[in-house]
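Look for subunit A in each of the two complexes below; its partner is subunit B in the first and subunit C in the second.
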Partner chain A sequence: MILDLTMSMAVLALMGALATIAGCIEDLESDVGSQSNPNSQVQLAPQMGFLHRIYNKAISGEPISNGLSAVTGGLVTTVLLDAKFYALTAIVLGAFVAALIYGIFATTAYAGRVASQSRFKQPLYMDIMRYTTPSIIGHNFIVNFCLVAIAYIQYAILGYPFTIPFLALIWGISVGAIGSSVGDVHYGGEREFQNREFGCGLNTALSGRIVRRAESGLRNSIDNVWFCAKFGGPATGIALGLTVFFSSWPTTIWGYTWKAMGVGAIILAVMTIMNRLLEIQVKNAYGPYKEDKKEKEAGA
Partner chain B sequence: MSDIKEISPNTLALFGIIGGLIGIYLSPYAPAAGSIGAICAVIWGAEAVRRVAKYGLGTGVPSIGQIALGMGIIAAMFGLAIVKDKILAGPIVSLITASVIGLIIGWFAQNVIKMKIPVMIRCMTEIAASGALIIIGYSASVAGNYEFNNIVNLVFDNGVILAVFWVGAVAMLHPFNACLGPDEKQQRLLYLAGSTGAITMALMGIAALMTLGLGGAITLVLGIILWLVFYKKFWDEVYKDAASVVGTGLIPKTEA
Partner chain C sequence: MAVIDPTMLMNIFLIGISGTLICLAVHFIPVGGAPAAMAQATGIGTGTVELAAGSGLVGLITSSYMYAYEPAASMTLVMAAGAMGAAIMLASTMLAGGYIYAYGVAVPFASAQVKKDPITRERQDIYVSKGTQGQGIPTICFVSGVVGSGLGGAGGGLIYFVLMGIYSPLIAASAAAVAGVFTMGVFYVNSVIPSYGVGGTIEGVHDPKFRRVVPKDVLTSFVVSIICGVIAIMITGGMS
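For the complex of A and B:
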């Protein structure tokens, strides 16, 4: 399909919006089940004697598990499109089937991990299983819907020479990788070690000593999402949305030309300089890490 | 726990190879058989992942699953394509090619990267071979047979191969990743491998609805039934193995 510039920009804006939502919800979804980075502390806690009521969703790393649900959604959508379903219906049904399968993997990961920690007396809480798994499925459905919709737009409107499952898989891996690198940073140290001084770093002696009690009652994974929705999720969403926008914007305006390549290189250079400036500013504000006397002695 | 008898790696390897090949060779007559063969290979592969990942590969478990299917897909396509009109030899040539690739990569990991995992070479060979069987098995149940051109038309061109590749890899790596821990048991892992393999089979059934029409419905329904059986078995093991399974409750008192 050949689009004029206005329509191209509209499609690009739509893709950027979908990617922003997908990135945000993906990070929150991984926090519901404490997947990826914070997962190691949740896994360690019972070994240190800290039994907890937090979901342990160790399907695999985030890029792989999100690739799984996205490619499943893409496959089911392709089958439904082939059967002459309306595009929107096909995408919704595909995303739903993928989210259900993802939910099944989540339950086996939680049950399997807890059952493998029986010597530490970690109980398997079925109420956690019952009300956290639907939340995981719901979040994952939104992610799948956005990603498969982007893949469909690329395939049907922009005329990419790849299939929907392929594009969806690439988007799934991307959203998982960005969610893992941007969003996790906000949950791990800040939420699980909230009773320590901010920025103290994670001493080996603290490993597994996660915060298990909430403001009222016992903390569970839903409390963690509430916390991450304030910053970690939106930051991830903006990261993915900007990635989509800035990587497609030059070619949308100038087409596949050297001029577009040059603009892309300039964007990259500006971002590198901005990152460096931010790094210098942070180093000036917080200073170098101060070693304790004991650590210095141990180092010597 | 050493007092519980485990199924030996050799028995599982035989189960995977023979079950996988029988399933693949039956796939032209009953496409669902290809997927059932692939489930045998998933169970074998998951156990091989378990043996190699027990040496402390925490985050390496997903990587092992991915490399398995990566080696598998190269070998599978090579094997199926190279035999030309001697179609019957295809799956076996693929299996041997995969084993050789796995052996070489295992040798590199052991002697060049120096990972110092005693079972590395053997397990790499096993997971590559099972990866090839997984790719051919699931592809055959979508394409209706294991002939190369047919697989290219019905599995590659429409992108189904990406689901075979990715979901097949997760089916193989998820069981150990999900059961990781000091009290991990082989039986629970094998049931979970059956469950993940059956989910993949159901998905292939959906894909086969597009390529084979109603023949795919059999794969879909059988996949769901097999999944229910294995999932139930997995939960029985969880109830048996877990310290306690409670509806709700406070955190039990410990020394900490």
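For the complex of A and C:
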């Protein structure tokens, strides 16, 4: 389908918005289910004698599990579209089926992981499983819906050469990679070790000593997602939104030319400068952890 | 026989080169693995395969769209489109990750592998917190990551371009699907090979590990990618 510039930009903005929601919710799903790298601490805690009430699924690396979920949603959607369903109905049903399958994986992963830790006396809390699993399914449904919708827009409206399931798979892998790189740091670097002084850095000797008490009562994964929704989730959403928007924006405006590639390079340069400004600000704000020996001697 | 046709040999060679580019790219990307997710190591807090494949596949989407809508596009332009998509994905990820390190975990960016940042000339060692291997994404890591993801995206674009040239005359309708899936496969193969060399974490081009492991990994990757290229040609035997 050939779109004029205004319509192309509108479609691009819609895709960017969907990607932002998908990125945010994907990270929150990985926090409520405790997946990816920070889950190593959740897994390690009982071995260090710290029993906890945190969901422990980690089906696989985030990109793979989200890729699986998105491709399942994309596949069901394609089948329903072939059966002449409305696009929105097909996407919703596809995302729902994929989320249910994801819920099955989450349940078996949690039960399996805790069962493997029986020698460390880590209990399998049935109440945690009962009210956290639906939350995981709900989050995953939103992620699938957004990713399959992006894939549908790219395939049906923009005319990408790949099919809906393949595009959904690629975006699922990408959202997992971004969620694992961005939002999980907020969960693993801050939330799990919140009883330490803010900004003290995390000594590797602290491994496994995760916080187990909440603002009220014992901490569970719902408490974690409440905290991460304030920063980690939205930051992940912005990263995926920027990726989807800026990877297409130059070619939408300037066409398939070297000029568009040049604009892409400028975007990269701006991002590099922003990172440098952030680095300067952070170093000025927090200062070094230890003084230089020569400076110390000079001071003395 | 088709395999000894010079054009086919050139195609296999180009797939070998593109696989090697992807393998080389992984070494440039500052991968901190699980420790970085807890701000205990410099770089991005996830694994090599996830990151390289995640960024490279975004590059595959941009390059495939370029190829589909600009049939006259040169090979370099398709590669540039792949490089741009992949680099923007990784730069966005590193920037947003940087904001988390800065304001969510509150740690200054520091590399544990060099005393001074080769680009900014800033001291690094005094900003490394106790008991860690650095934290955050300093400028050298960011630049190295952008360059690396660009190389990976260009490599992915090159494979796609070559495979489309081979498959399009045989299976016009589904050539993009086969080429896309095969490119994804080559991406994963060449993201896994460096994982063994770097041992899970690498800070980028300035890391001493880079010089130590790149020659071996690149050679391995070239050989493996050539085999992938031969398979890519062999499967055309079943296409009609």
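Following the convention adopted for this analysis, the second predicted complex is superposed on the first by the 290 of 300 C-alpha atoms of A that agree within 3 Å, B and C clash if a C-alpha of one lies under 4 Å from a C-alpha of the other, contacts with A are read in each partner's own complex, and residues count from 1 in each chain.
In this section, a residue touches a chain if its C-beta (ideal position, glycine included) is under 8 Å from a C-beta of that chain, and two chains touch if they have at least 3 such contacts.
Keep in mind that what you see is a predicted model, and the values were worked out from it rather than measured.
Engineer: Would you sort A:Y286 into first (subunit B), second (subunit C), both or neither based on which partner it touches?
Structural biologist: After superposition on chain A, A:Y286 lies in contact with subunit C alone.
Engineer: Quick check on the superposed pair: does A:L278 touch subunit B, subunit C, both, or neither? Answer first, second, both or neither.
Structural biologist: second
Engineer: Give one of first, second, both or neither to describe whether A:P250 is in contact with subunit B, with subunit C, with both, or with none.
Structural biologist: Second partner only.
Engineer: Look at A:F85 in the shared chain and tell me whether it touches subunit B only, subunit C only, both, or neither; answer first, second, both or neither.
Structural biologist: After superposition on chain A, A:F85 lies in contact with neither partner.
Engineer: Which partner does A:W258 reach: the first (subunit B), the second (subunit C), both, or neither?
Structural biologist: second
Engineer: If you stack the two complexes on chain A, which partner ends up touching A:A205: first (subunit B), second (subunit C), both, or neither?
Structural biologist: Second partner only, subunit C.
Engineer: Which partner chains sit in contact with A:L242 here, subunit B, subunit C, both or neither? Use first/second/both/neither.
Structural biologist: A:L242 contacts subunit C only, not subunit B.
Engineer: Return first, second, both or neither, reflecting whether A:Y125 touches subunit B, subunit C, both chains, or no partner chain.
Structural biologist: In the superposition, A:Y125 contacts subunit B only.
Engineer: Determine, under the contact definition given at the top, whether A:Q117 touches first (subunit B), second (subunit C), both, or neither.
Structural biologist: Once the two structures are laid over each other on A, A:Q117 reaches subunit B alone.
Engineer: Once the two complexes are aligned on chain A, which partner has more residues of subunit A within touching range, subunit B or subunit C?
Structural biologist: Looking at subunit B versus subunit C, the one contacting more residues of subunit A is C.
Engineer: Can you give me the overlap between the subunit B contact set and the subunit C contact set on subunit A?
Structural biologist: In subunit A, residues 40, 61, 162-163, 166 are touched by subunit B and also by subunit C.
Engineer: Which part of subunit C faces subunit A closely enough to touch in the complex?
Structural biologist: Subunit C reaches subunit A through residues 33-40, 44-47, 49-51, 53-55, 57-58, 60-62, 64-70, 73, 77, 80-81, 84-85, 87-89, 91-109, 120, 122-123, 126-132, 135-139, 142-143, 146, 176-177, 180-181, 184.
Engineer: Report the residues of subunit A in contact with subunit C in the complex, numbered from low to high.
Structural biologist: The touching residues are 36-38, 40-41, 61-63, 154, 158-163, 166-167, 170, 173-174, 176-178, 180-186, 188-190, 192-193, 198-207, 231-232, 235-236, 238-240, 242-243, 246-248, 250-251, 256-258, 260-261, 264-265, 267-268, 271-272, 274-276, 278-279, 281-283, 286-292.
Engineer: Write out the stretch or stretches of subunit B touching subunit A in their complex.
Structural biologist: Result: residues 58-59, 61-62, 65-66, 157-160, 162-163, 166-167, 169-170, 173-175, 177-185, 188, 192, 195-196, 199, 203, 206-207, 209-210, 231, 234-235, 237-238, 241-252, 254-256 of subunit B touch subunit A.
Engineer: Residue numbers of subunit A touching subunit B in their complex, please.
Structural biologist: Of all residues in subunit A, those touching subunit B are 40, 43, 47-53, 58-61, 64-65, 67-68, 71-72, 74-76, 78-79, 82-83, 97, 101, 104-105, 108-109, 111-127, 162-166, 169, 209, 212, 218.
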